[in-house]
Amino acid sequence: MNYQAILDEIYDEVQPELHKGKVADYIPALAEVGKGQFAMTVTLDNGQVFSVGDSGKQFSIQSISKVFTFTLALDVYSRELYKRVGVEPSGNPFNSLVQLEYENGIPRNPFINAGAIAITDALISYYRDEYMTLEVIMNFVREISNNPKLSFDPLVANSEMEHGDRNLALARLMKSFGNFENDVLGTVFTYFKHCSITMNTEELSRAMLFLAFGGTDPVSQKQFITPSQTKRINAVMLTCGHYDASGEFAYHVGLPAKSGVGGGIAAIVPGKMSIAVWSPALNRYGNSHAGTLALEKFTTKTGLSIF
Amino acid sequence: MNYQAILDEIYDEVQPELHKGKVADYIPALAEVGKGQFAMTVTLDNGQVFSVGDSGKQFSIQSISKVFTFTLALDVYSRELYKRVGVEPSGNPFNSLVQLEYENGIPRNPFINAGAIAITDALISYYRDEYMTLEVIMNFVREISNNPKLSFDPLVANSEMEHGDRNLALARLMKSFGNFENDVLGTVFTYFKHCSITMNTEELSRAMLFLAFGGTDPVSQKQFITPSQTKRINAVMLTCGHYDASGEFAYHVGLPAKSGVGGGIAAIVPGKMSIAVWSPALNRYGNSHAGTLALEKFTTKTGLSIF
Amino acid sequence: MNYQAILDEIYDEVQPELHKGKVADYIPALAEVGKGQFAMTVTLDNGQVFSVGDSGKQFSIQSISKVFTFTLALDVYSRELYKRVGVEPSGNPFNSLVQLEYENGIPRNPFINAGAIAITDALISYYRDEYMTLEVIMNFVREISNNPKLSFDPLVANSEMEHGDRNLALARLMKSFGNFENDVLGTVFTYFKHCSITMNTEELSRAMLFLAFGGTDPVSQKQFITPSQTKRINAVMLTCGHYDASGEFAYHVGLPAKSGVGGGIAAIVPGKMSIAVWSPALNRYGNSHAGTLALEKFTTKTGLSIF
Amino acid sequence: MNYQAILDEIYDEVQPELHKGKVADYIPALAEVGKGQFAMTVTLDNGQVFSVGDSGKQFSIQSISKVFTFTLALDVYSRELYKRVGVEPSGNPFNSLVQLEYENGIPRNPFINAGAIAITDALISYYRDEYMTLEVIMNFVREISNNPKLSFDPLVANSEMEHGDRNLALARLMKSFGNFENDVLGTVFTYFKHCSITMNTEELSRAMLFLAFGGTDPVSQKQFITPSQTKRINAVMLTCGHYDASGEFAYHVGLPAKSGVGGGIAAIVPGKMSIAVWSPALNRYGNSHAGTLALEKFTTKTGLSIF
């Protein structure tokens, strides 16, 4: 299939959509990113890469980082992890405290904020301190993306911390239920740091490749996790990857994927490829408007879908 | 792959599990079904069938019928259907009124009770009356299952109606929000009738086959819906098919499937096969305990999964 | 104190407020009542009556009737009544199903719709049938208001029934939890009938007099309930009498009172007097805007308050 | 009326009840208080005092302190206070985050935890710093209780802070909605300090006396607040003073009152007297079991009630 031609078509078709929606503005650092930008990259098992748009432009991956911390935590804790976080769609906004209160401080899944913070906390418990944990996360992301220089943006992380009261409330609430082990401020700051990792679509696409191939990067042949763990991460991406629009996304796109409020979406086609798309204006659910549309067009044009 | 051998293995392995869980007891007609029963059938594209256990034994398909009414309604209404029912996981029990009240009478998806009742109501509006609608549903299920004699159990339907206050409350609540068009009692009774359809695993497996093959039964070559509609139905089964254990099911089994409180589960492997399993004792989420386990074993042993 | 002068003052002061707010429009029969009307009546222990405005004009007492059915049910069932309905403020809108679902079909108090319907149901169980129950209610209201010709408006009752889906949903939900004993349609219709009683402020004020004097009408010397029962009814009026603005009302007015969406409010000053006020335009909580204001002015000017 | 004889009777009657219920055990400092203790004091307008039981024994007043901070804040902010906290019963447990999230960070009333923390925060904004605010609160409580040596227990305050995650979550959540002005940790610690004030029933009864007499202590003739403010505080005590058992309390006791998890309850009879009762074992709503019963007996025996 001529993926480059398909990406070029999509690029043309999404142009009128790039200014629809709203850039995330809850922190100044994200609000400055201009609308109208778009990038999309497909990576195949042989390492071949197809891109359109600003595929070299760095953006804040935000919640997409939750896939990587969930991967690390699943590897380290295995089934024990489910004492601290579930795998069910929440049916509620990503930052809601309601369900967390009703369900005794156990977050529904690793992709809502509370769940991702619980996972950062679990990693800190395992790796002993915040610094070491951040190092482990950064090194893992550098390795899977094949870019040893990848970093996070401290301005974004600081800005998130300054406006982090809601997430601090989630952490405190978990602590009140006994589902929190480390320092609240330090853990949430570590969480904000890994959310502030910046990547371009080429790096992000590559970073997802191991999830399309049973846990092993098909280019480097490095195995990160088992096929069984991989399937499970993909299942959670499908059911919970897009906040309370996960059902819509599965319905329209039909691929396991995870979005972030920075405008990025990372998806995989099991056994075939990984895809990253970026466009900063968000729909009302907090997912990239043009990015979602581009992925829907991609699965329609290629006939690729897990269903 | 030797599917018969795999089914035989599973049959042996689930024996100690058949008495765990609880048979649905909210109506007498279902409560009488004995624990300890188990059946499983796999149907391939060439019509080849593999079965173990009581695969000729009829059971009440209950909520599995919602897949068939959703299929009919999607075919008839297309996108218009989404004015009346969404495609998001609910995050709440199947019969909850809470979300329905907060969300102005629009059910989250076609597989929670409110959503399925709204779909029955939509079908009655289209086919003019309850009798005609029931005929259309029955004829469709007879055709896809390749059994022209299939019927529903009027004793079960009547028993459900007698204990139907919760579902009548859901219908009334939708009516109060303007999301209900026909007679409340008659519509809910029609809903209970199609839930009371009885099938065995061989019939149910065959009835699902078109969903594994883009909407066309590969044996009869009859096309029921388009490939695009098929993908969407499968997506909703994956995200919403098992009440508020849908995430767990996707995580452990990794196939689009729909369960019913009669103990049945119907699943598909896109492009490969359909599967039906039945064992009446339910886990705490209302899904067949041994049936879920058998499907998890099946995907583990065969490596089949959409992820 | 010169009550007539005080009422005259209030009458002048509320004139600019009579067109603020919105007349109840959920049923046509109520929507037709014109804004701009106002009446207020005070009745003392010796039967002396002070009125201003349209005090001879009949209006639909709506939820104020719940005070009278609660009185009858408390007399008949005593403590047994609390198996079916509580006495706590709900913190939710008057017609919400949410709390009813979470709390297993037991309404929070007799003044939210679910609670009042449960009480009508309990009265029907006691008096055997709907007809007899309605007779008992009507005769009681005729006696306490000292007007043997008092009736309900069948047009309003029918109109409420036509738009009664929400209340029917509440009844069905209670039935699904086993907290409902009689026919759903017939019981809700009886409830709508007693809500459709029409009175003027002179009749309503007199009807409340026994609650200001320990259960005995000080004019006729007829005892209807005990002093202890009276205190309890007054307590429930204070904490739950104004939907989810009950706290505001207690805060600003400081008297036990009950409002209805017909624009009436009935209040008592224990040991001193009863008061009825009517003005059809409602504030956003469904309580008479000018009526609430008039009562606040009355307690400010007279210094009367229970606090 | 012979109040001493009535208190003696009550003392005898509550003996079998003193061991029912459970002492608050969420912090060690409170858990150590032994069951079986009881004290009750009535203070009249002339300063005459009637007591039974351990009326000289100090206990932690906990949430009763919220009456005093509400009084101070109402005096300082007047109507402006209602931008930050409402006066409606919540219908939810005292420490729930659910309603706070749904209602955009505005607590329902000054007596649930969130509301009392918001009021402490408002006082700190007014008095500039935490230290000065605590001084103002302590001096006010010393003055109204006529005991210049009154203090709080730092061990209790520290212990609350150590287990204070739920309250810190409430503060953070308010901050995320913009309804919080000062340092979260410092403000919540100040809140815990005023909750840790220790008093005996004689001091507490005297401290409430001004609320029974329009805001002026009838013994010292000192006016603290206006009659109008007093009525409003009493109204909020009646509708919200006992967590989600406020309706029950109004129903059974019929007096404005506020309880604390230390086992104290402070009540007033407008124009007549103030009452303090203490018994540490709590009912399931967190109110003193024997204390509630003693007050119910008191109003039954004396016929005193606001209704």
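We just call them A, B, C and D in the order they show up, numbering each chain from 1.
Going forward, a residue touches a chain if its C-beta (ideal position, glycine included) is under 8 Å from a C-beta of that chain, and two chains touch if they have at least 3 such contacts.
Computed from a predicted structure; not experimentally measured.
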item	value
Contacts common to chain B and chain C (chain labels)	none
Most widely separated chain from chain C, with each centre as the mean of CA atoms	A
Averaged-CA centre spacing for the pair chain D and chain B, given as whole angstrom	55
Interchain centroid distance [CA atoms averaged], chain A/chain B, Å	32
Centroid spacing, where centroids are CA-atom means, of chain A and chain D in whole angstrom	48
Of all residues in chain B, the ones touching two or more other chains	none
Interchain contacts (touch definition) - all pairs	A-B, A-D, B-C, C-D
Partner chain B, residues of chain C touching it in the complex	96-98, 101-102, 165-166, 168-170, 172-173, 175-176, 180
Contact set on chain A toward chain B in their complex	86-92, 99, 108-109, 228, 230-232, 234-236, 238-240, 244-248, 250-251, 254, 256, 270, 300, 305-307
